[in-house]
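Just dropping this structure here.
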């Protein structure tokens, strides 16, 4: 029953995008060291193919895809492999990573094309090229793009949806991409449509980005069916199930994928990247990152080599303020807090948000007062209140019968909870517990 | 259960895997024997206790009638049979199953009828007996036989003497009035504050049963006077 | 079956395995008729009589009762005793019989009594069965008395009201807590007593936990 | 290893809306006008009774509750609301007992804030009403002197109050039910009638409730569905037999309906979590109120109606689970 | 008709068997853990109570006037046997229904709610229809109490109950609260 372009439930966090939404994208200088974890995407980690001491050029493949749902990793700067060891990963663990000491005076210059030109390629060859270029979704989950572009034969895809909602507070990566590189996005759409053999594309953009809407509309190609759709400003408008509901009026059923309702959803930055790798001939080795928050001195939108450490990134942005309190990768609603400044940015890191104590959610929790706010917030219509109580007593199996697995961990419930119960965290733990239990 | 598991260990009966055909006979026999013995014992006890029980019941009734008819010398039991009151029942009619009212005598003169009746009150059924003199159309007294009304509130209908005593000499049909609203009419009964429903129930019981019985009583009066 | 001592048989039911407070048996009468102390005592005595009588008979006849029909036979025996108790009470203390109402008859289905027959009397010699019955009966009596005392004292401010020994505990202007002698008061009183027992047990367990360690150390030192 | 200098918590890192203590304290603040009206009509007795009930609740929470539980303000709400449901002349010790019972048996044994099934304030009142039915149905009338007490407030603990007959009156509902006497609508709405402390000004309660509803501190569906149910049922019956059944306005503004619907049925802990559930809950309360008032043995049924529906809430919650996204018709699985 | 209605309502809510007469507490404590179980137990109860009322009426009218001292014994024996027969019949005719309800039948054939109904009905001298109304009302009341209790207990399972209140203490306090709440029905349909 979604009327107009939105979905039911959800929350309205403060937007807080003013810090960077008008700041043009600029390129950050190469840091002294790059750290590239082998697990930067959803799927199997890549397999290492270099050794300690090897010299690598910018764009060289250092790890190869391990199977279909996997993605290769490329050196994002020229230099020497100094170590292959466990290193802090943004997910909080220590993960196998390649450390590269960046060559101090290298030009990091363009090299012969590593990715072929797209014009002459068949869809199959294009998808292969996209896989070889290590392209993954830049919207957050870093799902390998070539997988999404090769749906099984029996799924009839009729629409490509571009996700330009960027519903998370603070972030402006997609926004600036659409404002500054609209042609690249349009080219990406063309390539995707060709890969999928689809002749309709829709771009969903939240109404709080009028300049992006205008730029995208101004650059719409005339020969193919691409339309721009302003959507309501509401979190999580950018979640793919919600966006599909808003744009197509189709609801992806429990346990199904977008392709089951005939759609492929791709983030605008990912689409721009598809175009970019074919244009420049370089694989995915850098991305646009919003560095923002009141805890940072000079908020900015930066083109950052993948593998840059937080420390180096912050230096470029004038360092932390006195009252910097929490550093988050991604947006503040779903992003992961980082405790270690040596953690590298990954392909899927959309932003680095530095919060002050005043910004953060208060930490003291109270008992659940059954206010029902969380039920009114949950976009997938779960009962977080019940799930939360079940989680507290570790009744995970019962949570599963109450559709825990449909929870997308968007955090709307925790956000509204007056008692500050870490509901989505409890659900994340429960999901992991169930998954490990099943695997065992 | 405590520390003892049925059928386990050394003390208990063996888990008897006997064939069932033999069982069903033993089963019946045992039950029959047990039932017969039980019945025998019970008849014995019944015979021994019944006089006392009946005597007590009669005594309770007698006292109640004494109270509501202001100590008559004796009383007759009248039965409502065939739409009229009668003291003698035809053969084969069991009086215990009929509605009974009592006619009291003092100095060989009838003093009034004692009538028991009941109705649902605040909690549960309230049973009342009251004395009624048809000649003066006035009540002689009222007594609650049975009630489960709230202690402290509803049970004032039996324990609050100022409420109970009002019925002496009151003239039906009765009308309940709030305290302080009384006009002095003999048909008025002051309602107990906080127990309006229980008080009204008593009034209703009396009014309803009189409405029903007055024709019979008048009839009987004619018969008796004749 | 674990062998038990006679003392154990006798005292077990009184407190440690109290039928009402611990085993949750015979709850209905424990709640329904305990609004005054006098009723509680009468009910306790009647149940005691039925329990002892039927335990005696069951234990005596256990050899003759076929296993398959034992429950029916027990109920028959119990029902006979209850009828006897019912009629006797009605003949001797009619007021109390009236106050207890149907609950005298309902002793028949008091699962505590049937439970003792099934668990004990049908397997043990008469002496032991009687000890057990007496213990359990006393335990039931104690539980009823506790309930009755709490409810009557708070509910009317008296003790043993309706008898010759009636005592007014708080003077005449005591405001009775009517709720205590109403049905909710029964549930709440039992809940409250159980709460108290839990609390005592809890305290004791905690003390034991605390007490254990230093004692162990002491023993070690002694050795 | 580098020791983290930064906070590392799970997402979301922002929080929206008011916290639980904020909600609770703002409900307490919103009760100030209601208490003021009660004091206006009933003099110092009103403040004394409310204070005694609050003291009973708050001290119990302090003695037996978790540390710092008082800070969340819920015990204060319970106390004040309990006080508002009591007659002005009630002995203070009885009000105190109500507070102790409400918090002790209505809340703490269930595990404290958020875990209880029955509304603690109403449970406290139900207990006091069942324990001291006479005192709880002794309604005082207005006195000439505002400063004089409206009953034997200072009766000694455990002792019966002395009832001065001249000072007792009846509530509009009592008058309607037991004496077939109506009450002016204007008197009802302005609140110049006998009854419990919080039964006086429907208008003030409505305004405070609207404020709370706007701040999302209560679910507006509950009071609205109660009002609708009572108004429609009472209105229909009134049309059928105006002599026997009072009008809808009378039903809405008499007794504790306003206070109950706005402040007590809406206690989020003891009302359903789902919006559909809230409609059912409100409908049930309205229905029971009408049944008890018109056909029951008691003049007022709001308290029992809410308590009974409280008992049904877990069941309503189970029966009205939200329907999972994508489980509807709007799907196209190819 | 009004009389029958009053008997039914009174047995159901005003003088609820469980919450006011304390009858059938065993199943109330034992089978009130899950709403689903409680519902089926309630249905079984209504069924057995109806049969009981029938038996009691039959015995009271035709047998017991001649042997009043056999009242208790005959109630028990006749009710238990009839339930047994019906149970076997159901088992034959509809195994599904038996699975839904049958397993509860033996649990309640000799419980005090059943015998209590028979005795109350006798003491109050109810006729056949009155007895039926009484039985159905009592059964509905038991079901209501069971379901309420079960849903509340399911709810409290997820709550942080203090150590001392865990278990039966809390169940009785909840029952007390329910009993308090049911006091609101007092006097329903009775007069004025």
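By letter and in written order, the chains are A, B, C, D and E; residue numbering begins at 1 in each of them.
Please note the rule applied: a residue touches a chain if its C-beta (ideal position, glycine included) is under 8 Å from a C-beta of that chain, and two chains touch if they have at least 3 such contacts.
Remember, predicted model here, so these are calculated numbers, not experimental data.
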- prompt: Which chains are in contact with both subunit B and subunit D?
  reply: C, E
Message: For subunit C and subunit D, which third chains touch each of them?
response: B, E
Query: By C-alpha centroids, what is the most central chain here?
result: D
Statement: Per the C-alpha centroid definition, the whole-Å distance linking subunit B and subunit C comes out as 32
Query: In whole angstrom, how far does the Cα centroid of subunit C sit from the Cα centroid of subunit E?
result: 24
Statement: Chain-centre distance (mean CA atoms) for subunit A and subunit C, in whole Å, is 69
Field: Distance from subunit E to subunit A - Cα centre to Cα centre, in angstrom
entry: 61
- prompt: If you look at subunit A, which of its residues touch at least two other chains?
  reply: 367, 386
Task: Could you tell me which residues belong to subunit D and also touch two or more other chains?
output: 105, 109, 111-112, 115, 127, 130, 133, 178, 297, 317
- request: Give the residues of subunit C that touch two or more other chains, as numbers and ranges in rising order.
  value: 72, 76, 79-80, 83, 87, 178-179, 182, 184-185, 188, 191, 195
Pairs of chains satisfying the touch condition: A-D, A-E, B-C, B-D, B-E, C-D, C-E, D-E
Message: Under the definition above, what is the set of subunit B residues touching subunit D in their complex?
response: 122, 150, 152-153, 178-179, 191, 193-194, 196-197
- request: Could you please specify the touching residues of subunit D with respect to subunit A in the complex?
  value: 2, 4-23, 72, 74, 111-115, 216, 219, 268-275, 278, 317, 321-328, 330-334
- prompt: Along subunit D, where are the residues that touch subunit B in the complex?
  reply: 133-134, 137-138, 165, 168, 178-179, 297
- line: Listed in rising order, subunit D residues that touch subunit C in their complex are 91, 94, 105, 109, 127, 130-133, 135, 155, 158-161
Message: Under the stated contact criterion, what part of subunit E meets subunit D in this complex?
response: 35, 147-148, 151-152, 154-156, 159-162, 165, 169-170, 173-174, 176-178, 180-190, 192
